[in-house]
Structures are given as C-alpha cells and as structure tokens.
Amino acid sequence: MMNFRSDNESGAHPLIVEAVARAFASGPAFAYGADAWTQRVEQHLREIFERPDLVAHPVLTGTAANGLALACCAPPWGAIFAHPTAHIASEETNAPELFTSGARIFRIDGPNGKMDIKKLSEALAQPIYGVVHFPQPSVVSVTEASECGTIYTREEIAAVATCAREYGLKVHMDGARFANALAFIGCTPAELTWKVGVDVLSLGATKNGAMGAEVVIFFNSQLAREFEFRRKRGGHLLSKMRLLSAQLAAYFNEGLWLDNARHANAMAQRLAAGLTSLEGTSLLYPVDANEIFTVLPSHIHDALRAAGAQYHARPSGQPGKRAFRLVTSFDTDPADIDSVLAVAKS
Amino acid sequence: MMNFRSDNESGAHPLIVEAVARAFASGPAFAYGADAWTQRVEQHLREIFERPDLVAHPVLTGTAANGLALACCAPPWGAIFAHPTAHIASEETNAPELFTSGARIFRIDGPNGKMDIKKLSEALAQPIYGVVHFPQPSVVSVTEASECGTIYTREEIAAVATCAREYGLKVHMDGARFANALAFIGCTPAELTWKVGVDVLSLGATKNGAMGAEVVIFFNSQLAREFEFRRKRGGHLLSKMRLLSAQLAAYFNEGLWLDNARHANAMAQRLAAGLTSLEGTSLLYPVDANEIFTVLPSHIHDALRAAGAQYHARPSGQPGKRAFRLVTSFDTDPADIDSVLAVAKS
Amino acid sequence: MMNFRSDNESGAHPLIVEAVARAFASGPAFAYGADAWTQRVEQHLREIFERPDLVAHPVLTGTAANGLALACCAPPWGAIFAHPTAHIASEETNAPELFTSGARIFRIDGPNGKMDIKKLSEALAQPIYGVVHFPQPSVVSVTEASECGTIYTREEIAAVATCAREYGLKVHMDGARFANALAFIGCTPAELTWKVGVDVLSLGATKNGAMGAEVVIFFNSQLAREFEFRRKRGGHLLSKMRLLSAQLAAYFNEGLWLDNARHANAMAQRLAAGLTSLEGTSLLYPVDANEIFTVLPSHIHDALRAAGAQYHARPSGQPGKRAFRLVTSFDTDPADIDSVLAVAKS
Amino acid sequence: MMNFRSDNESGAHPLIVEAVARAFASGPAFAYGADAWTQRVEQHLREIFERPDLVAHPVLTGTAANGLALACCAPPWGAIFAHPTAHIASEETNAPELFTSGARIFRIDGPNGKMDIKKLSEALAQPIYGVVHFPQPSVVSVTEASECGTIYTREEIAAVATCAREYGLKVHMDGARFANALAFIGCTPAELTWKVGVDVLSLGATKNGAMGAEVVIFFNSQLAREFEFRRKRGGHLLSKMRLLSAQLAAYFNEGLWLDNARHANAMAQRLAAGLTSLEGTSLLYPVDANEIFTVLPSHIHDALRAAGAQYHARPSGQPGKRAFRLVTSFDTDPADIDSVLAVAKS
C-alpha cells in the first residue's frame, strides 16, 4: 500500500474510533454540545494550552473551522492576509467570503509557503485605515505547518503577529497540521500560539488520525462571542456533538496527537533522506512536517508508478522537470517507505 | 433512563457504529466522497427510491441539508414557503438566508403543524411574478414528519406540490424524520416523494439511530448542479467522507432505518395510549410519528419528574394548562414507557 | 392630470431642482461627501432634531436607507420585527437580507397598518435570547406614516420603543413619508423620533418633492460606526454627493418639507371628504397622511376611469367589493381633486 | 482654480443639468424606469452601439454598476480576474463580494495598468474547472480607460476576450472613463466592446460631465435576466428614474459625451507635454486618457502647491522621487493648464 497521495486518505487511529464507539454506546447525552465529552475537551485544552480562559468549539471540517474563525475576526468590509498557498486563499472555494459575508483575501507571497514579513509589512502600511474606499485590514492568517510542508519558527510567527498587532489586526492560525508543527519544533502548544501572538487557532485532527474533527480555539475570548451563532447558522452545530468531541478527547489523550504527528514527520524524513540521495532528485522545499515536494527524474517516477506507488504531481517551476508531492501519515508503514526507496534506487 | 427529551439525545445503533469502525479500519480511501461507501450509498438510494437518475450527497447536519437544498431552489431574491413550526422557519437561525444568500421565508400556517393548502394557494396567487419589488416565490418546504409529530398524507403532499407546480415553484421536503413518516404511512419511499411531486429531500438519519448523518437527495438532477460547490464553500465537504457514508450505508441496509422508525413510532403509540387514558391529559396533535405533545395535570407531571422522567415543556395554548413534549427514539426501552405510565397512573 | 397613482410619479419641487442646478454650476467640490452641502445638511438636521450629536448620511433610495440602517442594528443571525405591510417586509425584495447578510424579518400584524403592541410584546417575550437555535431579536421597525396611510401617535411609538428596549432591541423608523406624519401630528421632529425612543430614522424626501434623496439619521451614534463602510460596499456612496445633499438642503430649508407634506395631506383630506360623502364608498383605513384606501362602487370607478383619473386597485378584503388607493402629492392641484369629485358625484 | 485632484470633483455639464431640470418640470411620469426618458436612453444606446438587442439599465454609481454587472457573470463560488489597480480590485471595498454573494477577485498584474495577457492565460489554464475545491473562473474585467490613465487597444481587448472565451468566461468592461477611451482610439462604441468580445459594460457618465449616472449595458442579453432583481434588492432602483435617465439622455445626445472626453483628453495632453519638457519630471505611464502620473522634482511641486494647484500624491516606485496624479476633466479650463505650466517652468 504505497499510498502517499494525502493524509486525508488515511483511515483513523483505533483509539479514536473506539472512543467514538464507546461514546455512542453509553446511552443518551445532552444535545448540541452540552454533553460531557465536549465539556471535557474544552477543559483539557485549557490545560494543554495553559490558558484557563480559552474557548474551544469543535467543528467537522477545516474549511468550516477557518471560515468561522475568520468571520469572528473580519467584518464584511475587511481584508484578510495570507500566503497564496494557504488553503483559505487557494483551496476552500470562497468559504471565507461566505462565512465573513464578503471579506476579501489578499495574498502575501514569500518563499517556502511562508509569508514574507517585509511584504506583509508593506501591505499593512498602506494609508487606508478608516478610509471607506478600501477593504479594512482585519486579520492575518498563518498556516502552520504550511501547505509546502514547511513550518514557521516561533520567531517568524511572533514577527507576523507583531506586525499585525501594530496595525490592529488579529492573528489566525490554520493549524490543519498543527501537531506536525509542534512535534517538529518541540515547544509547548502555548509557545507556538498565544505566547507568540495568535488569537484564534483552527486545530485539525482529521489529517492526523481522526475520522473527521477539528476544533476552533479562541485565546481572545472576546472574539468568540459570535462564534456559536455563526456555527449554528452555518449548519455546523451537531445535535450529537459527541461524534466530534469523543474523537478530540481521544486525540488529545496521553499525547496521541503528538505521537501520531511524530510518526508522520519521521516517515517523511526517512522518505526524503532516501529520495534526495538519488541522482536527479531535488526538494522544492525543506521537509519540516509530513509533506515532501520533490523533483523526480522520469525513470524513477515511472518505476514507482509501475510498482504501484501513489502520489500527486505538482508544478516544479523548473522547465523540463516534473515535481511531485508525497505525503506521509500517522499510519504510514515504514516498510512502505523502504519499498518505495528500494524501487526508486533500482 | 426515562429520557424523553429528544431523539437527538439518543446514542447510535450498534450496526451503524460498527460500520463506521470497520470503514476506518480498512486503510486508505479516496478523499472527498470519491470513496466506495459514498458511491454505494448513492447507488443504493437509487434502488430504494426507484430512480436510477437521482443524485445523493451526504452532509453532517439537518440544518446544512435544508440550507443547501433550498439554495439550489431559490435565488437571493426568492421566497420560500413553510409552516411556522418548520425548522427552517423557527429553529435554524437564519441558515436558509446564509445558504441562499438572502432568500426570505414566508410562513404558511395551518393546523397540526401542516400548511393549510388554501392559505398556501392564496399566498402563491399574488400577482407578483416577475415584478421586481417582490420576493419571487421559488420553493415550498414541507416537513415530513412535521415538528408537531404529525404526518402529511401522500394526498396532502401531492396537493402542496400541485399548487407549487402551478406557479413554477420547486418542492423541498425536510425529512429529518422521514423514516418515521414512511413507517407510519406504509408506502414506498418513491410514493412519498417524487411520485407526489417532491424535487429534493433532506433525509435525516441522525434522529433515528445514526451518530450524525443526513443525505440530500435530488430527484430533479438539474437542481443538483450547483450543490457540490455550495457544499464545499459551506465547509460541509468532508475529506474522509466515509464517516458519513458508512453510517448511511448501514442505515439503509436491510431496512434498519425503517425498523428503527417503526420501533420509535410504536413506543410513541404505546406511551400516548397510556397517557390519554388518564384523566386530565389531552393530546395537542395526533400522534403519527415519534413525538407526543400532551397536556398533563400538575400532579402527574410532578410525579413523573420526581421519578426522574425527562421531557421538555411546550406552550399548551390553553389557559391554566401545561403541555409537554415527549419524544421516543429507535432505542427507547418499552420498560421505560411502562415505568412512565406506571408512575403517571399512580 | 388626475394622476393619483403614486407620489413616486410626481415631478420635483422647483426649489429643489434649482438648488441642484446651482450646486453643479458652482465648480469643483470635494468628492464623496466631504463637500459643503453635505456638511451643511448634517448641521441643519442637528438643529432641526435638537440633537447636536446626530449623524446623518444621504442615500439615494428608501430601499437602501432601510437596508443600510437595519444592517447597523441587526447581525446576520438577527431578527427584525415589522408590520406585514411595511416596505421592508413586503416590497423591497430581500434588500434587508442583503444588507444585513441574512437577518430575518418577522411580521407583527395589527389593524390599520400598525403593529399590535400586544403581538409585538408576545413575540419578544419568547425565551430565545442567547439560544443559538433561534434568530436573535435585534430591531423593531415602524413605518411612519404607515403604508396604509395611517400614522402612529407619539404614544404608540413610545409603546413600541419601550417594549423593544425592554428586550434590548433597537428601534428603526422607516420615514419615507415622515414629513406627512410630522405635519399631521404637529409635533417637533425630535418629539416623533428620539424623544419617543427611535434610534435610527430613514427620512425620505423623494416622495415629497425631491428628485431622489433620502437621509439616514442616527440618534444613537454608536450605531453609525459601520454605516459608511456598509454604504460604500453597497455602491451607495456618490462621488458627487451634492446631487443628493443639495436636494436635501433645499428640502429642509425654511420648512419646505413640511409645506409640501401639509399640502399633500390637505389634498388627501379634501379628496377623502368628498369621496366618503358618496353612497357606496367606504374607507379601508383612516386617512392620516396622503394616501386614501377606499371601496368604490363600480359606477363611480368606471366614470372616474373614463374621465382619465388614474389610481391603483388594492384588495378590499370584502367579498364583491373593489377597493382602490389614491395618493396625493406635494404638487397635487386642488382643481384635480375637484374634477375627480365632480366626476364621482355625477 | 487649478484643481487637478479628480474628475469626481467637477461640477456637471450645463446641458445635463438642464435636461434634468426639464424632466422634473414636466409633471408625473411612470415610476421605476417605466418613464419615457429611460426607454429612450436604451433605444438610443441600441443605435449608438449598433445592437438592437442590447439591454441597458441606469444606476447611480460606478461601484454599483460594476458590482451588479459582475453578479450577473459570477456565482458565489466564482473567480473574477482583474488588474490590481482595477477599482473592483483596489477601491470598491468588497462591493463585488457583496453583489456576487462571495465571488473572489484574482489579480492579474501587468505594466501600465493593463493585464498581462500571458499571466491571464496562465491563470486560466489551471486545471481547476469543475473541481469543487477551487473558485471557478467566471469573468475577466478590463478597465477602459485603465486606472493608470492608459487605454487598452482594440487588439488587446480582443486578446483578453479570446483568452476568456477559451475557458468559458465572460468579459466585463469597467468603462468609468469609456468615453475617454473611445475619444482616444477613435473607433465606434461597437468596435471597442461587443465586436471585440465584451459581454457587459459599466459605462460611466459621472466622471465626464454628469451629476451622477452610469449605465450597465448587456450585449449578451441572457446575462441581463437577473439584473433587475439584483438592482432592486441592492437599493439601486430609483422610483423617479428620470433623475438618472435624463442625465444619460443628454450625455449621449449629439455626441456630448465624446466632446467632453475629447476636451479632457486634450487638456491632459497639453499638460503632459508641458510638464515633460521640464527637467526632472518623468511620466509613470503613457498619457492616453485624462490622467497624468508624473514624477515632479520638489522645487516644482512646492511652487505648484504654493500657487494653489491641487492634485494627489501617488507612489513613484522610485527611491527618493515623489510622484503625483493630475486629472483633467470635461470642464478643465485651458488657462488653468497654462497657469500650472507657467508656475512649473518658473
């Protein structure tokens, strides 16, 4: 099963599946998030993030988590700043516009999937504040880990947040692969979020072992006031919320989320190390998390495909060369890595 | 466990939980609904509804199912007609307005939670078609079973649909408790939907044994064209769609949905029969499905509460009398019914 | 010219037309409302309304004035309360939904085009505040004069506002015919608005002698904060704002607005008195402002039409009887009234 | 009066003011655009544009014209392509998002305020059509004349349109200064629009001598079907439409629009020629229409300001140099040009 297409295609971790099964075997529970699992998840997150005042709300998808979080930060006449590869800017089909009732996304480019702080700073320095002709800068969104498989350092996030703060903007983090970033950097959750200026975090579990669960975490509880109405009218409030909360409870329990992420990251390192030792390959970006973007010579690609390896093509940006994305996951079998490398080397 | 608060508070049927667990233990699967479970559910629904051309899309919540279905039927300047008790009119916090980008709901009253066909007809007969000053009538939504626990007969739905058709409107059915209606009437799914003029159905499983799964079924496939873009931008497209599809596959398998509904309906009958035999009680509406709305004398209500029975108050509409809603479910234990009745009689 | 179709069909008062011509002959002026006319109008309104802190913004149409004003009072999950005949509820094609990003209008019926305070009170007394399943009551809108040609007394408005305040709602007044109301009641502008609890007023000039100009007046300046961004993104900020402001300056100058309204009201009284003296006629509503809704026997109606009188039909609500609306205007010629009455009597 | 701040600050042409005054002195007229002026304008535009089937709708502002036109071309999940300097992309505060219910603007850069056709082609060539994760390319918008004062040649527009057509997109032209472009190129209106592939045109009059009037012209009448509902719910349907239509009638009468534009263009040429003959000045862009973007040495700028000349600063893009925008208008006095040049030279 040499499937490196996407961490979205993985199954789920048995502990998470079991937790849900147990939750639904336990009889009636209060509906709409008043159940014990949901309460417990929020309580646990308060401990994990060392913030007894944080507000946490589960939702089903990352698109919803991002859209709803941003809607709490940007009015309909607001401007959102993000890297062009950020999912909110490139893949979520105008969901931010739906949830914010029309805020606009401005793209701040930069190498390796990360915003160039100088470009962000220039964009925010425009003399447009309070001028009705211009979308009003409202929130900066960083994707951690980025969609290029790289990870902002704590200092880089702090720089973005400092710049945002200077102009009165909020900071959102799209943490669809937050656990991978945390595992890579080795700091605490607090150190990668509110301690460096993040106001609201879309924390994903789906790509890292859950069946389908994300949680929006507000470190600035003022921002959370409208969230529940926005979630409800978006059709994202579950009656049987334990479907999400039981997953999240298991995900954060005894460090499962970090174990999963460490495994996925390690598998990516192993794969990247093997591939880059081959002639004609070259990485498009550093491999920080669980995604590898690499140029592959045709004979290697052909051999891998023939052997059944699966992965997606990506633009190489280099004439005459073809590039590909390989994604590892919480359940990637090291033997599959080795099989891929054996084929590639032969 | 005399919990009659809501079918939303029930756990899930073991076969449905097991199906999900199995699905997630089976390794990688194509993401975003290209998996085998999702394909199979649509195929199965084509057989069940005797329509090889129907289009079926799973979503997580009834609010999303209704909002997205209506958005395929009504433009931003459209008018939606529904009974005041319909969830789209009374409980879903402007979700239809969000998904339709601003269509307006008009309330058509009528006894027992069902629209009065004469009032609907009068509303649709206004000379407003094509006149820019007025919201344009676009879709009628019937709730089957209704929020009063009653069920439109096939003839009643046909009358609504005929009236809607005459003015060029589409017909939506909110079938959050569709299985209960089907079980009560005893007809085929086709006979309760497209054969009597329904264009699009929000078919719920969550209230009837699933953990969280609904499916939007388009009998008019033209209407479905925009659905997938609308679902994506609403944050309702799951990466690991099998979370919903595996539930639905089990739900429709070997008639589980109807078995569950029959049980819930039977429990409601048993409870209603027992209660109405007591002096001072009276039903607000006929008990067709799994909800009982009844006046209870204070001494009975107090005794039930003291014994631990749980249920919500509802307006009685009668001075000096208090009314309550009791909801049965797929997993209601007949012994709980008997306990309630025993307490009530004593 | 026996045209009683609508005050929207009138021309404009010469003083207003001249003011605009003069304004545009005077060379360059700052754009987007920074011109002297716009500043002067706001200043004048502060005097007229005895509120040095009011905020006034011109817009082109009543639909925009209402939609933008309501958007400053109701969030996307909000509920707006209005009489079924209010233009926001019956004629403005989901404009409130557009400007509010999806708030919902609830209809509070009552005789003579005015909300029944008891029904309003009951609607607001529902236990739904802060509950995510329900649209959140946000603003009550009164139409003064009403669309039935009647006028809320100061006491009636105060009662609505007191009820609204009790539940934390704002009060909006649709004053498309505000001058007619003021002329009828004979009180000061302050006494009909903020002194009886109105937070924001859509004050119309178009129906009363302007070419096209309305002004949104915020007595609660907190509410006005977002207005300018909302107006801009709605395409309602004029570059050459003097087109509106010069009209408004002339409209409020030396009481022109009240003179115009007094004339229109007087013409309506004259017409109503004449018509009601005829056998078979009967008014549907009291004639307070400049609109007459009356049953006319066929022979009178036929004679009027044959003589060239123009007016619209309206539902009579009485079997076998036909009703009509006749509207007078700032420029209605008394001779036309007399001609109509002469024809009707013969 | 050396005012070169903006053509938005000019007064209006006397013939246009007179036309409006006459229209409002002529007694009652049908409301909401059923009047004779509005009908005549559409008829005249059919002749001017040699398209007997075109559909033309007046609106008040350019922001509304653009937003409403785009909303007829792009669904809420659509993508709109425009140059970063286009007003829809840079100045209209998310109005396109409001009117389209959430479509997204993608910026296609290029020199001189015009999209680079190669960049447009690459953006449209992405394999995203029909894929739910991506905004769907729907319409390309060209600004003619551009916001840099340059003008797309007919061939350049045809190239954009051919590229758009290849991928099924519509073509919108923001013609806030369309007359200036027409006057510069010297072709017919048809040759600059539908004959080179334009589907819908926002044709402005406000910047070129009107008080406030624009007209949206659909060459593809299919696209126009929804326009009237969109305009109404946007609050942009005037009751007394002659306020706009009488302006437009005069604007297009006997070539006034082109006379005005020719004058403004000629004044810009005269001013540019004079300025560029001075040492230290340099144009940022070719001067095709009525806007000059130029670097000015400090001593010249200081002298001009001291003499009372008014104009706005603009980024020069060159370190240590300051740039400015000077705009001429239909009513620019040649003597003012000469005064400016005299000051600059001294």
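A few points about this structure:
By letter and in written order, the chains are A, B, C and D; residue numbering begins at 1 in each of them.
Note that a residue touches a chain if its C-beta (ideal position, glycine included) is under 8 Å from a C-beta of that chain, and two chains touch if they have at least 3 such contacts.
Keep in mind it's a predicted model, so treat the numbers as computed, not measured.
The interface with the greater number of C-beta contacts, when A-D is set against A-B, is A-B. Chain centre most remote from that of chain D: B (centre = mean of CA atoms).
For the pair chain A and chain C, the distance between mean C-alpha positions equals 51 Å.
Centre-to-centre, using mean CA coordinates, chain A is 41 Å away from chain D. Averaged C-alpha coordinates give centres for chain A and chain B that are 34 Å from one another.
Shared interface positions of chain B, defined as residues touching 2 or more other chains, are 32, 76-77, 92-94, 97-98, 102, 132-133, 229, 232-233, 237.
Listing the residues of chain A that touch chain D in their complex gives 76-78, 90-94, 97-98, 102-105, 107, 132-135. On the chain C side of its complex with chain A, the touching residues are 32, 75-77, 101-102, 132-133, 136, 226, 228-233, 237. Interface of chain D with chain C (complex): residues 1, 3, 5-6, 8-12, 14, 17-18, 20-21, 23-32, 59-65, 67-68, 92-95, 97-99, 206-207, 211-212, 229, 232-240, 242-243.
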